[in-house]
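What follows are several structures.
In the two complexes below, subunit A is the common chain; its partner is subunit B in one and subunit C in the other.
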Partner chain A sequence: MDMFTTTDTHLTFLRTQIASTESQLRTLKAQLAQAELSAQTARQLHEAYQGGFPAEWIEETLGALDDSSERDIARKLRQDGGFEGAPTPAPAAVAVPVLDAGGAKARAGRWPLADEEYKRYGRQMIMPEIGLHGQLRLKNAKVLVVGLGGLGCPAAAYLAGAGVGTLGLMDGDTVEVSNLHRQIAHKVRTVGGMKVDSAVEFLQAYVKLQTFASSSPSDLVCSLNPNVKYAPYRSHLSPDKAVAIFERYDLVLDCTDHPTSRYLISDACVLAGKPLVSASALKTEGQLLVLNNPPRAPGDASSGPCYRCIFPKPPPADAIQSCGEGGILGPVVGVMGVLQALEAIRLLTAKPPAPPPMTDWMDLSMDSTPPVTPEVKPTMLMFSAYNTPQFRSVRLRSRRTDCAACSYQATVTQHSLTTGSTDYIAFCGSTTPLDPLPPESRISARDFARLPTDGSNILIDVRDETQYSICALRGSTNIPWNGNAEAWVQDAVKRGVMSGYEDGRERFVVCRLGNDSQLVVRAVREWLGSAVRVREIEGGFRAWREGVDRSWPKY
Partner chain B sequence: MTAEQTKNIPLKVEFTYAPLTELGSHDIILKLSEEQLTFNSGGLELLFSDQRKHNVSLPRNDLAGEPSNVGFLVTWLCENLMKDPRKEMFVLDDSVRPGILVLINDADWELEGEENYELQAGDEVVFVSTLHGG
Partner chain C sequence: MSTPKAPPGTFTLLYFAAATSYTRRQHDHLDAPLPVAALYDVLEKRYPGIRAKVLSSSALTVNLDYVDVDEEGARGEAGMVIKEGDEVAVIPPVSSG
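This part shows the complex of A and B:
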């Protein structure tokens, strides 16, 4: 037994060593990426200075640059005296063709941005929060927007407008008319087309304009920002590809609409080491989270929490409501998408913190202390359009030491994603399927339409009052179903539609899609017994429209 | 100080967008304060009050005589305010069900000791239903 104990101890030791080393490797890689970005920005600034950076701007602009590499360049340039004297006049602006899909090109060796870019971004560049350095960081940045619905459309629009260098756009859905009240990138002409293509057309005059039959050259000038490089992904995110795709980006925006994708995106962000800006909205409410920020290695407690840290378990599938079911107000989801773009800009233009001294933490020994980093204060912003105050920021927990994704004990790994052993659909569960009612408890919409309308039967509409007031059948009684069987039956009895059922009159129950009506029939059977003759109209008003009345409003 | 004040803790309880999310347009399944409990005899209008903010008066000590904590508040809300029989939409496996974030004075309850946080007069407890739409 002693031998095994020793072996086990050794195994544990090795595993901990590997985890610790991998964590440091990740941190190093992240720092390398940061350093490369800084170097690139610095190079471009250097070119700008060489090109005749106005002397009176130098102090102010250089003061805004915190990176040591940029400071070094600044110092060197000052010492060289390269800026003394009047700058040489800028050459005549070269008009950047708006249709150039490659975007505006800076003139090499002179200014870091093209003439058109100074005009385009000037209003944000003159603010100290952005400045030239911020604009260059945006231009060098790659942002992936997952989901091009009510959140993704405004988020992508503002990021493209701000001049983010590369925008990845991912969605497997097609545009529907019911999207247009909130998904501002799409339009009537792109209905039926891929959302990604519709969005790219909105953001940039896309090279494949024939995607939409009626595209005309005049659409080109309508595009928002052709300087941005757009990378379309015409499918939903899959676990096996997620990490590889995320690794190509600096930042990910979760603009999706389901828990499965929310967990997947968060996990992939942790594995790829990318910060995540996540938002959601329903009805008149929205929520915004910045996760995995800064994106340090799993187990590093100085990083911000991931989605699983905040929500280790998904809600029951039956408790999840989509915008199609619950409704959504356009500006509500729009506000949340715009806030995502804002957080993205803030993250991308933030000055990177100074790296910790290398000697301290390169020590691979077991008891090495992690580098001291500023404490992260994770928050969630909640928006409630019809409440006061509308905005509320609440403090969240930090990383969970037993998190399945971002702790030392993580079970979600690149391998588990690639092999499918992390099963998001199983994790989030599926809605409990209804046991279909027996045929004698149902009636088709067509058959119901043939019944006499002489008052010999009673029609009960169980949609909520708001939907009932949109359209209803004459003579029907509205008793909204709210999920509480006993309360519904009590109400039905009180309203008289269940009293006197000995008279032989039959009750018919109808709802929007034919699900709630089945629950109501069941509730009546449970509380009033089988003496009541009650049937539900199969498929609800959707079937009514398809089989009986083509003019019935489809909402 | 009245006897009522010494026995009870006044609290603000808020439900954003309700535990019963899939059930139509009504937001709130829990009804208001004691007065309204006795005022109404119990029907749909109570069950589906549109009000999301509730001022409640929680007993200062739980049944075991211990100071009332958030765990007790959840049980108390289930027993005293929730008229809907489907408690599982709010509480699952003896805790607030997954998908509901509990905030104590604008902080995740995990920062405050979760169920064990001892409630103080004037505390604000919010039950936030996570949203997934987009």
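This part shows the complex of A and C:
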């Protein structure tokens, strides 16, 4: 064997050795990297896996754990580590102090919810639609309920029950007895008080002493859910404050009862960038709309429509009926309020679109296409209690390109709201008060009561049949006013109360409040001339009750 | 009460809320085909005053889809036509609660 051959062999050997070692080193390095990654994942999981929630939820969870309004994750971590005491909720100017009723405070450390909360929310948490993640989202959420009537009471009750973290409650009205058949948060004892206070009492707790800090648990009668923070607003929503208030919340519920507030709330939601769950009810029907969802900037066509997109023109002011005028069935408005709470829960607990599945850790460096947000299909749910089917879902349009609030051409701005140049009362119109009839066409209830009851005059009651059957004066004839003068006069002639008006007998017209009766007198003058002696009873049966018969039913 | 099927050559028009109060009816069967843009004229003839009192502020749906009457009118000949058997609904806003 010559020397060169030996050297060559040696070189080849060395090269092979180096290549082999390098390959081994690469393998070792890769193994190390993988081991490091595994160790890191394990460490993260160990830290994050406090009772069953994945690492990607940790930030959100820490926010929910924090009792204070600002979500200071760093401080929370220090508290978890025992470096700082648990935060004491500071009673803010608008917020009701949080009650600690029986250990519902989340224990720092192992579990994100308190023992009582697992028990309280367990029935909804075991469903995949909610889960622990959804419950924490609810706990983190701030929802504003505007209006605490037939819609707001059930909506607020179900949201409080579900564990929404902060519930804003706004209403400037006081409780009346006529509210109690449908406004389930209010009760006989709270009649005359603010609806907001009545609702807080129902939802949270009755606090005997205003000096809350010194009251012991025996001073508190806990109600539906004392874990929720309640923020009362004891006034109606005003345009100058609306956007600033809405900005403090994640979601707004319109539970009001008038077009002016419906347009204002929708506009403020667009400007504050909040989704809106709007519902309404009258008589036996209701409507439910999820608007401005997802909330995007005005002009962004990928967002859902606002109230103005669906109803750009308000109904004429004189055609608007309140629940007091048109009537309302308790469960009808209750159903709509409960549906609002349901939509709110669905919006708040909606899972973010899942990231694309990771098959190999090596793929981390690869570009992945961003997840596609599913298109939101806006709908309006209509409820008609006495129709078949009772429910109808209507597919709505997208945003209007010329919408006054949510298009590029929007004229409704924060400035126009603050300065009052967007005038909701002017936009929705106001009812022109009736020109009162001349005195000779009217009679007071007291004077009418003194007239002889010997058949020398005729009393015409123009309320509808249903009201007439609740209470009526003996000898009166019921001819309901339906807004059509000609039809009413024809009906009256047919029924005989206008025939033979040359007999000198006088006709008296009465209604519930004294408005329709004036219209009827005008109708008679228009169609039968001034030969008919006809007068209306001023103030209708309300005046009758006040001035003549205290026992007359006030409905 | 449920709405009877539209007779041949007609479509069903459903009334809700204030539209029910104004017409005192739950539904009508009207002759089809009818351009959406012409619907309110037909209704105004049947129920004088309904356009100002009810229709101008209402939403309209055809087979559960929201339809903008003004936009359809602006499209002229190309505007949507209500066909035999369609279900059309007049939906005034309910604002009470």
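Methods note: the second predicted complex is superposed on the first by the 415 of 555 C-alpha atoms of A that agree within 3 Å, B and C clash if a C-alpha of one lies under 4 Å from a C-alpha of the other, contacts with A are read in each partner's own complex, and residues count from 1 in each chain.
By definition in this document, contacts are C-beta pairs under 8 Å (C-beta built on N, C-alpha and C of every residue); 3 or more make two chains touch, one makes a residue touch a chain.
From a predicted model like this one, the values you see are computed outputs, not experimental measurements.
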Query = Putting subunit B and subunit C onto subunit A via the overlay, clash or fit?
reply = clash
Query = First (subunit B), second (subunit C), both or neither: which does A:D464 touch?
reply = first
Request  = Once the structures are superposed on A, label A:G514 by its partner contacts, choosing first (subunit B), second (subunit C), both or neither.
outcome  = neither
Request  = Check the residue A:P314 against both partner chains and state whether it touches subunit B (first), subunit C (second), both, or neither.
outcome  = both
Query = Thinking of the overlay built on chain A, is A:P226 touched by subunit B (first), by subunit C (second), by both, or by neither?
reply = neither
Message = After superposing on the shared chain, does subunit C or subunit B touch more subunit A residues?
response = B
Request  = Kindly classify A:E486 by the partners it touches after superposition: subunit B alone (first), subunit C alone (second), both, or neither?
outcome  = first
Ask   = First (subunit B), second (subunit C), both or neither: which does A:T256 touch?
value = both
Message = Just to be sure I read the superposition right, which of the two partners does A:T388 touch: subunit B = first, subunit C = second, or both, or neither?
response = second
Request  = Using the superposition described at the top, list the residues of subunit A that contact subunit B and also contact subunit C.
outcome  = 147, 149-152, 255-259, 262, 279-283, 285-287, 310-311, 313-316, 319-323, 326, 328, 333, 336, 380, 382, 384, 387, 392-397, 482
Task = Enumerate the contact residues on subunit A facing subunit C in the complex.
result = 147, 149-152, 255-259, 262, 279-283, 285-287, 310-311, 313-316, 319-323, 326, 328, 333, 336, 380, 382, 384, 386-389, 392-397, 482
Inquiry  = Per the contact definition, I'd like the list of subunit C residues that touch subunit A in the complex.
reply    = 1-3, 16-18, 24, 26, 52-54, 56-57, 59, 61, 64-66, 68, 89, 91-97
Message = Under the stated contact criterion, what part of subunit B meets subunit A in this complex?
response = 16-17, 19-26, 43-44, 47-48, 52, 83-86, 88-89, 92, 97-101, 103, 106-108, 110-111, 126, 128, 130-134
Message = Going by the contact rule set out above, which residues of subunit A touch subunit B in the complex?
response = 147, 149-152, 254-259, 262, 279-283, 285-287, 310-316, 318-323, 325-328, 333, 336, 380, 382, 384, 387, 392-397, 464-466, 480-484, 486-487, 490-491, 494
